[in-house]
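Note that subunit A is present in both complexes that follow, paired respectively with subunit B and with subunit C.
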Partner chain A sequence: MRAYFAMMRGAYMIGLVYRFGFLFNIAGNLIYMSVTYFLWRSIYQNRETLRGLTFNETYIYVALGSAVFILLKTYVDWQMSFDIREGNIATYLSKPVDLQLYELFTSLGFFLMSLSAITIPTIFLLIFVFRIEVPLGIGLAIFPFSLILAYLLSFCFDYFIGLLGFYTESVWGLSITKEIIITVLSGALIPLQFFPDAIQKILLWLPFQAIYYTPLTMVAQPDLGWGTFLPMLGVQLFWVIALFALTRLFYTQAVKVLRISGG
Partner chain B sequence: MHSLKDYLRLYFMIETQYIKARMQYRADFIISSIGMFFSSLATLGIFWIIFHSIPDLAGWSFMQLLFIYGFYMIAISPMQILFDHIWQIRFHVQQGTFLKYYFRPLNMMFYYMSEMFDIKGLTQLAAGIVILIYASIQLDISWTLARIALLLLTLFSASLVQISITLLAGCAAFWVLDSYPVLGLAWKLREFAPYPMNIFDGAFRFTFTFIIPLGFVAFYPSQLFIQPEEVSAWVYLSPLVGIGLFALTYWVWTKGVNSYTGTGS
Partner chain C sequence: MSLIHLENLSKQFKILNRREGLSGAFRDLFSGDYRTVEAVAGVSFDIEAGEIVGYIGPNGAGKSTTIKMMTGILKPSGGTLLVNGLAPYDNRIRQAQIMGVVFGQRTQLWWDLPVIESFKILKEIYKVDQKMFDRHMDMFNELVGLKSLHSQQVRTLSLGQRMLCDITASFLHNPQVVFLDEPTIGLDISVKAKIRSVIKELNREHNTTIILTTHDLGDVEALCQRIIIIDKGRILYDGDIKRVNALFGAYRTLKLQINNFSETILQTLKSKLIECFGAEHGITIAENEEFWTDVTIDQARTPLSDVLSFVMNNFPVIDVRIVEISMENVVRKVYDGALK
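Showing the complex of A and B:
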């Protein structure tokens, strides 16, 4: 286990190099949050609620969504594709480490980096500059756990695309497609309540909603109660276990076709 | 100096080779095109969903927004297709490979940009054209020859605005080395171009009109077609905005190119 933590620390240190990038990321978030503020203000106009959500609830949802968006991007697919092209992956495979755990822990290093450098400052801006009142409730307390599960899920998708790279070499198209599917269907940009009813029902059965909709709802509507939140966490946990197992299984197949040239 | 005709011929030759090389990865090309197609429709999807709950957005109907969106997709395509190599500039500048572009008797911007031709951007262009035609039929826009000429002119100018904003962000590489964050920000901002500018308050509307003129990528020029009676006279100036901005961008590019000293290796 110590080896994996060392990898995590290494990734965190690498992340530190890109301090200049964080400023632009925060600036980008700030602009995004302002634009969505104006957008949702004109959507609500003088309406009290839309689809059972108040303006404040919806705005917390989408603004926090932009703050955690960068967190939940693991970049594991891009990293693996790079490592396949450069031949580095052969070195990892020859070491006594598990590839899935290796990728998970390096990406966790970046996760901690983005958390401290982008997400937390963005949340502070949200509270102190935009003066958003975050309602208190048990949802707020469960949110961190839910976010971790969401991260593990997001990781599974990225790792899966990374493994597909064993077959296709380039993952640009796959990554972009995966990203757009997750962003739209997970409710990252707009609460699922706004989707037409039939679509909403289908989306709740898919794993994507467990990445954004679940944790964001816990903060936007924190007093929905245990009766709502516990099943939500259960669903998240179910998907994490299922997708971890499936990607492990897929690895045993994918590794057979891997051909490395160079390195 | 080469004539424009020489450049066109040369460009055609370079891109045919480039496309041949890319076509070796056919599966990747198909998946990338699909990905591109869906990602350029994401914001439209959000508008579509929102319109299930409200009848209009800041006074605009869904069809009007659809027209603006079609205009936007066409206007951003030349940037995507012809100038996509700007994303690589940070690698070339950091690693010193940018030096090679100095050693040909060609316009440097032309030579640099000609090294990439993003075929998948064509799907975005095609989708934009279909959306624009569909929306203009639904909105009963009557197309005269003069109107079509105006559309082509405004599209040309709007695409220059988009190209200029992105290239200016990319040119940051000459001064800060890693221009990726700046480009990323410009890329993120691009998504706001199809938003109705009248949802914004003073400072933001001013910024998106005069400082980072995203409004000229789609919203302002579209007004000339979806509500021509109500546009203010200065919107007719939008063709000049694109040309002026591109001239500025070219000047910045030249400055950057002249100040670059290589990596010394």
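Showing the complex of A and C:
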């Protein structure tokens, strides 16, 4: 296990090397948060609630969503596809490490990097610049756990697309498609409450909502109580275990078709 | 039992037959038109602990594919392959612990991190204890002088420095066998010499088995006692280097650039050389590249200097290069029955 933590530490240090990228990320995020602030302000004009959500709840959901969005991007699919095409995958496979855990811990290093460089500053911005009152409640306490589970889920999807790279070499189209599906169906852009009821019901049965809707709801509506949050965490945990197992199984198939060209 | 055992090992790849042009690319989307390429076709050999074996052959001969099967990266299509008694592919993680690999065209180091950080990560990956790690680092410093590079980012290293670091890294966990796939590719003479001496030293120090693929026959001459030549997925020769040495050791190719070169000049050159040195002179002439005529000379039979001065005196030569015989020529000579 120490090996994987060493790789995580290495990835964190690489993140530090590219620290200026984070400044631009924070600046970009700030602009996005301003735009959504005024957008939702005008949507909520003369209205107390929309679909049961107050402005404050919706805005916390959407603004935090944009910060979490950057955080949950693992880029594992792009990285793996690059490594498969360039043949670098051979050097990973020649080491006594498990590919799934190698990719996971490397991406966790970047995760911790963006957590400390983007997410936490964004939360400060929310509280001190936009003067959003973050409602206190048990949801807030559970949020970190939910976020970690959400990250693992996001990783599973990216790793799955990365494994498809063993077959297709380039995963450009697949990655974009995955990105769109997850963004729309997970409630990353707008809370699931804003979807038509029938669609909402279907979405709750899919794994996507466990990535964004679950952790964001915990902060936006922290008073829903254990009765709501525990089943939500349970569903997240179920999907994490299921998708981890499925991608592990898929790996044993995918690695068989590996072809390394050029040297 | 030998450390590495291959018996009738083969590997086939299925490759999509791609068509030309944009419309071809579209039709390829729905194509089931695959052809099978046999990269390795029934290879057998045994390698004992402590050997340095040169595994050579021209481009696309199947060298790298064999290496990738021995390291457990690729799954063999058929035959038996055992390293230290186990099948590498089915026991990849366990087997990786006793192997070291350098792929000359890529690095196993972390591109954006300082060299020493890569070593530290590898130390954890291979579970090398601190004492052994320190001892190894000291030894490598003595051998290669790496200490000055420790704080440098890997991507700022020169190719030669990076290769020395990569080789060092592959020996870090004191593996039983190290695969060096083109370790001297693209390096200049002095760095090549250094790398050769380091490899030799490391082999001597721990009796590490080394399997070396290379294009540079100089590497093989300097390092190996045994050589395996492979072409088109089949073994052409497996044995003592001394017999092969006679093949490429004595041969030199004289590359000539002749003013106003034409087919007639080539013919005159041929006939005059035969006239002067006799028919059985061990000289072959070929026009391999534009403007360059290759005269390959067996120095055991005809002194190179004689041929050179004869050509210089009789033909309007603009430029001359003398090169060692190429891998392709060695393989061609083996095909022609030179080792039979």
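The criterion applied here is as follows: the second predicted complex is superposed on the first by the 262 of 263 C-alpha atoms of A that agree within 3 Å, B and C clash if a C-alpha of one lies under 4 Å from a C-alpha of the other, contacts with A are read in each partner's own complex, and residues count from 1 in each chain.
The rule is simple: contacts are C-beta pairs under 8 Å (C-beta built on N, C-alpha and C of every residue); 3 or more make two chains touch, one makes a residue touch a chain.
On a predicted model such as this, the values are computed, not experimentally measured, just so you know.
In the superposed model, A:K95 makes contact with subunit C only, not with subunit B.
Once the two structures are superposed, subunit B and subunit C can be ranked by residues of subunit A touched, with B on top.
In the superposed model, A:R259 makes contact with subunit C only, not with subunit B. Applying the stated contact rule after C-alpha superposition, one finds that A:L246 touches neither subunit B nor subunit C. By the touch criterion stated above, A:M7 is placed in contact with subunit C alone, subunit B being left untouched. Of the two partner chains placed around the shared chain by superposition, neither subunit B nor subunit C is touched by A:I120. In the three-chain superposition model, subunit A touches both subunit B and subunit C at residues 18. If you check the complex, the residues on subunit A that touch subunit B are 18, 20-21, 23-25, 27-28, 31-32, 34-35, 38-39, 41-43, 45, 50-51, 168-170, 172-177, 179-181, 183-184, 189-190, 194-196. Across the complex, subunit C is touched by residues 2-3, 5-7, 9-10, 13-14, 17-18, 86-88, 90-91, 93-98, 255-256, 258-260, 262-263 of subunit A. Subunit C contributes residues 13, 64, 68, 71-75, 92-94, 96-97, 99, 101, 103-108, 110, 112-113, 117-118, 120-121, 123-127, 153, 181-182 to its touches with subunit A in the complex. Residues of subunit B that touch subunit A in their complex: 25, 27-36, 38-39, 42, 45-46, 49-50, 52-54, 57-58, 120, 176, 178, 180-182, 184-185, 188-189, 192, 195-196, 199-201, 204.
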